[in-house]
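Structures follow.
Shared chain: subunit A. Partners: subunit B in the first complex, subunit C in the second.
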Partner chain A sequence: MSPFLSASDRDILTPESAPVPRRDNIRSILIFGSGPIVIGQACEFDYSGTQACRALRNEGYRVVLVNSNPATIMTDPEVADATYVEPLTPEIAEAIIGQERPDALLPTVGGQTGINLTLALDEAGVLEQWGVELLGAGIEALRRGEDRQLFKEAMEENGLEVPRRGYASGLGEAREIAAGLGYPLIIRPSFTLGGEGGGVVYNREELEERVAVALDASPTRQVLLEQSVLGWKEYELEVMRDRRDNAIVVCSVENFDAMGVHTGDSVTVAPQQTLSDREYQAMRDDAFAVIRRVGVATGGSNIQFAVDPATGRRVVIEMNPRVSRSSALASKATGFPIAKIAALLAVGYTLDEIRNDITGKTYAAFEPSLDYTVVKIPRWAFEKFPDTPPELGTSMKSVGEVMAIGATFREALMKGLASLELDGDVAAREARMADPIKLRQRLAVPNWQRLFALFAALRQGWSVEEVAAASQIDPWFLREIAEIVAVEAEVGCWDLASVPELLLRRARRSGLSVTRLAELLDCPDDQLAAELKRRKIRPVFKRVDTRPVSRP
Partner chain B sequence: MVNCNPETVSTDYDTSDRLYFEPLTLDHVLAIAERERPAGVIVQLGGQTPLKLAHGLEEAGLEIWGTPPDAIDLAEDRRRFGELLAAEGIRQPENGIAATEEEGLEIARRIGFPILVRPSYVLGGRAMAICYDETTLGGYLQEAADVAAGQPVLLDRFLDDAIELDLDLLADGRRAVVAGIMQHIEEAGIHSGDSAAVLPPQLVDPGQLDEMRDIASRLALRLGVVGLMNVQFAIHAGTIYVLEVNPRASRTVPFIAKAVGVPLVKLAARVMAGASLEEVGLTEQPPVPGVFVKAPVFPFRRLAGVDPVLGPEMKSTGEVMGAADDFGRAFAKAWQGAGHHLPLAGTAFLSVNDADKAALVAVAQRLADLGFRLIATDGTRATLIAAGLDVEAVRKAHQERPHLLDHLVNREIDLVINTPLGQSSHVDDALIRQAALKYDIPCITTLSGARAAVAGIAAVRRHDLEVRSLQSRRLPLAERSPAKAATTRS
Partner chain C sequence: MQADARGFLLLEDGSVFEGRAVSPGSRFGEVVFNTSMTGYQEVLTDPSYRGQIVVMTMPHVGNYGVRQDVAESDRPWVEGFLARQFTRRPSSHGSEGGLIAYLRRHALPALDDVDTRAIVRRVRRRGALRGVIASEPADRDRLAAELAAYPTMAGRALVDEVTSTEERVIEPDGGAARFHLAVYDFGVKSNILRSLARRGARLTVLPARTPAARVRQLGVDGVVLSNGPGDPEPLTGIIEAVAELAASGLPIFGICLGHQLLGLALGGRTFKLKFGHHGGNQPVKDLASGRVGITSQNHGFAVDPDSLPGDCEVSQINLNDGTVEAFSVRGRPIYSAQYHPEAAPGPHDAESLFDRFLDAVRVAAGGEGPGTAVDVP
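So, the complex of A and B:
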């Protein structure tokens, strides 16, 4: 039997009688928010921080919050007992600790900003001086999550593969490491947000340029050079673990764009769509091994994997020992409030003791399962910055995101596109991408309008295989888009009076909006809406209820 | 609750009874409404996005709670709004609406340059610009036709050197109460979302603040506002102008709510549900317990090749608040919160446009008093030397080396004050700003920003660090005596 039991493998039917395990030796808890909205950290950390504050306050702890961003719910004075809208610098944090004397610090809900500030306070000896205990993840776990060399060693001890990599603090070292790894290479500066200053390099010249930039971007003047797994499929697992070593996967997320595009800039889909159950179970086991080995005592972690589409070989890319951008998405997609549960686990509860708010019956130890598809699409602001190149890479550029839920991937994708509020509709965007001469380039080099180029190529008669070869996007996703394109073409052959009902239903299931259908049928929106009503073709709304269909 | 953004608290499951992750488009929202049959719809708390749906929702038979859609239209419709202001005797910058390039140029000749142009129904100041002559205006008008085809273009006389202010109020249809007035630190012409701002206003005549309160309240009642409303004002040569009215919760509402300690949105929701201002307990402007500075945060560092200069199009992604008992310290905190460091000593490089030269003298003097070494390029240096300051020369970026850029790269400069030329930004200037950005050297592009930064530096050097929680800063609403509130009104 695997030593990494999922709680759902255990008997979880006796929580009512269990003693309350809450930590009573701490009274007040300090929480850091993530500061202003920047590229790489948006309001997802307001969401997670707010949940953590509310959950801990509900348990009777005194919550002291620091966040410099007033445009947040968490800085609403009702959310914490003491709210400091102050800069998130070590000096200010120290002054607040001296004034408030918190017993503990929950460092994992304020994004990278919260982690960096915690590490700085630890280095300055402030946490020790004032006797502030870290909840959730200890300093060692935080460092192992951040330091990819330590992480690699930890992974290899467990027989998990990670991309070959090395740290450089200067150009000379970087050249040496690069010679050992070969090109292309991924450059990742340490301790930056959303991969800032990083990128892919294909030759020595680019290496020298990029490393210089990356060294400047890193507060520790250190960069990681990593063997590239460009073009591999990318996955993320949101994992929770409690003090009794119960662990569950809250949600699996698959990136539509292959490795090489920052997750924050990738269209993502939950649950994962293209792995076999066996492959997925093996990944799940690996994820439990990772969270355990890194030593996140309690709470959530986000673990990223890359899978070679040709061989199925799997490597661990990184883990964030904290609530992340993806946790917000996973929470919303599954109805499992990761930050809230993480806060409760940090003060001593276990997964089988926390009731699910939505069902009111089950416990947090149940792995959510989804009978619908969730799609996230990033929103960029490139139109405001015409001087910056529109390409996407390992440094995140998006400023926000939309999420859509559908019965199918197609429906969720089309709803997501409708949610983006772009100037001009999807068809107009696509038309701008359609130039056949530039199309191959637009598919091959990830850019913010590539999604529209995919539509354009498939509409121009490219086969799914050709598009997959050019874009390295899994053919499963492309077949779905091809189906949307096919339905649109078919609908375009009819008018409102004659269009077959089955086709209309198929079109609605593929996510075509009333406006788009009306355009294809060449009739006014309201006439089509009335016709849909008459034929009882109603939109389907999917309920997010976390309930598992089956137990593993 | 209908929203498609998974990052928000509004899409948390325990925020609403029923949550829909759906696109905010009319057909999706109507489909939800058909299923849920709501008693009312609130559109004024979601920015510009839901406002655009208000008419369609009303036509479909749904009841819009709060300010009626026609009032929203009236405030957005330049022509109708202009007539309303004229009837009330309220001034706004001279303006016009153009459907064609010819019309646009004709209006420009009538009202005079510089001119602020933008398409109607804008989001975050998209495609907005200040034009100083007919050539740039003509080019703009052609481009605008591409971005927002079929939408007319709005032209306003741009008020140079004006002070801009944001006022937010809450109204119940019978009475309006101002929640707060924020003064922009940057001059007019910088998008309000990108300008640093301070609450309460500094050095604005109390009589003028009263006049703004009066104008805003009259407009709210005249428009039939029920809920929140935001008014942007400019004071130009002693005269108050209304720049814009937004009959909805604006970007400044969370900031003001946190600063004055009044849950404005909660009160607004109750008012929209039918309560009066008296019933929700807001009958006079809440006092401001300290000085609160807002600083915007920009994505320039992440976007290669971008000139980090501010203008009428919004570029910031977020904001921070700095709170203290005086302006200098509040500004310094906001500046630090936004991720910059504030140099307390070292070398300051100064290079400003002709219009700013006279006013730079006082700023330079202050820096010199604080012990900064001053360096400047020829034009700026001549002005400062004439004013009796000790300023070293530095070569411009296109002159022989070592020049300014070399000093920036070597981090021999700790503070850059560089204001762009009025008309178009000089290549040299753009290089300076980009280098400062790259090497993380504080770079200030407006003179008022420079003034504020110098006040911040002075304050930090004078005082110890002081931190206070919002809870300790404010008094509960009930404990405020009316007399005290009156004396501390902003």
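So, the complex of A and C:
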């Protein structure tokens, strides 16, 4: 009995996770891409899928790839041994399986599309008929991860708290459940991309309207009504597990926007910032219990939690038993290539057998420690979708994102904002937010311009507490923004000739760009740049190295 | 934003890192870095940090404030504290106050707005360095001269500075005691005591210099050797007491410094690591099961595996550098862990070590074998 297996873990080991020998008995592996770029499923799956294909090919496996989107890296000829640019439908997949006779299928690197297609093939009996073995996660695990009712039951069996909820396949049922839960509540259809068809409803009229839409959006015509944890803090842990049941957290992510905004539409921060060690470690324990209970035998999962800011109470929201948008972000944020490692784990390696590419000496069995801060900011394109309401909710609307790395949150946030490539400057955007009633509305109802509204409110003299109460954003983040605003105000009192050096350094370390500083000091950019050079205030470049200065 | 005093960290190699003295004062110590992303208060109050200036690699420290009940002892022991940015005002339902106020209250010098990665790189390259943290105004030349005379960690016996002076008894959480354990306090972390009390053990916590005869007199079922600061080798007297207990057949569990003392008592040697292991992300491999746990660690010395006698077997190693993480002794209920099964801060992966030890205690006391019910909360 291993000292690293706690008594509670022993009980939940499922047969699916029993050790298997290293996979020399399979030769060819089928991988599905995620198809066309749509909101909620974009190039991050190309990134992950490509990593997985290369890792498996490198190990000598024959990789058969199916993806309907030829505008991807993964469909480049050298990525897979056989590449089919074909529609991702069960019929076509079956034909390809019949022709290629793959030994196994790795369903977890092609996003939701890959999972849905795998489930469809299983239901049609195709996998069994051709003897295609699932790697990474079996059918039961995929179902438990994706089917919210099964997931909830599994969590409750394991003593993990979930928001109270009910399942409806019709309007009448939905009304009954809603009466029990109270408003507001969340509507989530099963098996959809990026939460399509979901939303928050505040009353019975909205409920009836949204349930009808959600039922149509769900391929199984089922919809989940869930107790609202709106305003709670939202977290994600990127977890990996191997066939020996070793589990690690690659990265923790804290959502800047409270529960109620889809993670894809949230500003997110890594590592998490506002949980204490006790709270974080308890969440880590829960995350391992989730991946074990769902039964993802090997590979990565993304597990989401909500935490009540008033009490610290924690509930499990959902898990993705596959690589995800967040795992792509976590890979880049930590230097830990999740998709590649997931592919290697799927063919029988364990975490302690896989070298860390960055250090060259250590192994993948460790948890990256960050000495920097990562901020992701979504990029929306509402100008291209004039009929889409600009409010953000549980359906994802962003079309891309920027990821910025800085020593501190301030630095990363400001780098991210500068990288959004928005038309027009931030000051002008904020200046249009002078009306206090509209401003409050912009803070209270999540929308794509809320980040600018936060700056505007703080600049207009709102206290952090007032902004926090209106926006439900954790005061820790808002205080950092307030510091940026304060530094800007202080810099604005000086001119280039007289500005104190320490203040200039502080401003640069708070992430203020040369352009923004020059604007505040009322001087041309190049003059400021020359002055910074003269005062030896220089940008520094550091490496993402998986642990602070990682060579052992 | 108020203009804080300036300050600096001066290292024995002459390098200086300037920053903002968020808590003023000047103190000497060995400079180490800690990679825990959470748990700064547990780090501050861990007596094993006596004599050390700690650089946190996590940029934002203090975000969730401080609270009484997460302290690992009754005061902070760290000599000086550095981070990229200390949080002015915490945000957490559980916070009882801000970290900076806490540091000032305890007159613990702290510096931020420093390039922590640059310090860490230097420590990694040169090995643990002595240093002095100071706030302005300060006389650098005088401090540099004093620093040169400050003792190196190798050879320092610090246990007597942190151990308790009197015996005390801790009753188990709820119900009658199932075991009675002696816990040698070499600078024990509270969560070791809590972890044992929660599992039904009555604890007699003993000052570090308690003779083995006293343990026999107490008639305990087992002995726990706690963590603690400094170099284990100069702890003569204590090593002999541990050797006597190890020979007595009583179940023994050595944690961190306790593990090193066991190694010495059994005839082995210890050596100083280049910059030590301080943080919550150290992978440990169990050689028998092949499994890996992520552990919380804080040590600058390690047991030399080649020095251990023939009946000792290295059972766990550090996956990063291969150093000894645990050993066992054939035929004797002796357990060791270089890491912290009690975590606090850090992952809980090794918590079951307490259950395993208590199983052994039960067997030695004539009870049923392993696997009998232990209430794991």
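Assume the second predicted complex is superposed on the first by the 523 of 552 C-alpha atoms of A that agree within 3 Å, B and C clash if a C-alpha of one lies under 4 Å from a C-alpha of the other, contacts with A are read in each partner's own complex, and residues count from 1 in each chain.
One rule holds in what follows: contacts are C-beta pairs under 8 Å (C-beta built on N, C-alpha and C of every residue); 3 or more make two chains touch, one makes a residue touch a chain.
Just so it is clear, the model here is predicted, and its values are computed rather than measured.
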Touched partner set for A:Gly312, first subunit B, second subunit C, both or neither: second
Partner chain(s) touched by A:Phe385 [first = subunit B, second = subunit C, both, neither]: first
Partner chain(s) touched by A:Trp476 [first = subunit B, second = subunit C, both, neither]: second
First (subunit B), second (subunit C), both or neither touched by A:Ile248: second
First, second, both or neither for A:Tyr167, with subunit B first and subunit C second: neither
Which partner reaches more residues of subunit A (counting touched residues only), subunit B or subunit C: B
Partner chain(s) touched by A:Gly35 [first = subunit B, second = subunit C, both, neither]: first
Which superposed partner A:Trp130 touches (first subunit B, second subunit C, both, neither): neither
Set intersection of subunit A contacts, subunit C complex versus subunit B complex: none
For the subunit A and subunit C complex, residues of the former touching the latter: 1-8, 244-246, 248, 252, 271, 273-281, 284-285, 309-312, 350-352, 361-363, 365-373, 407-409, 474-476, 479, 483, 486-487, 490, 506, 509, 540, 542, 547-549, 551-552
Residues of subunit B defined as touching subunit A within the complex: 4-9, 11-14, 20-25, 27-28, 30-32, 35, 49, 123-124, 126, 147-148, 251, 254-255, 258-259, 261, 263, 294, 297, 299, 301-307, 313-315, 317-323, 333, 336-339, 438-439, 465-472, 474
For the subunit A and subunit B complex, residues of the former touching the latter: 35-40, 42-44, 46-47, 50-51, 64, 68-73, 75-78, 81-89, 91-92, 95-96, 99, 194, 196, 216, 325, 328-329, 332-333, 335, 337, 357-358, 376, 381, 383-385, 387-389, 395-397, 399-405, 415-416, 418-419, 421, 423, 513-515, 525, 529, 538-539, 541, 544
Interface residues, subunit C side, partner subunit A - complex: 1, 33, 35-39, 42, 57-60, 63-64, 70, 84-85, 87-94, 113, 115-117, 120-121, 124, 279-286, 288-294, 316, 319-321, 343-353, 355-356, 370, 374, 376
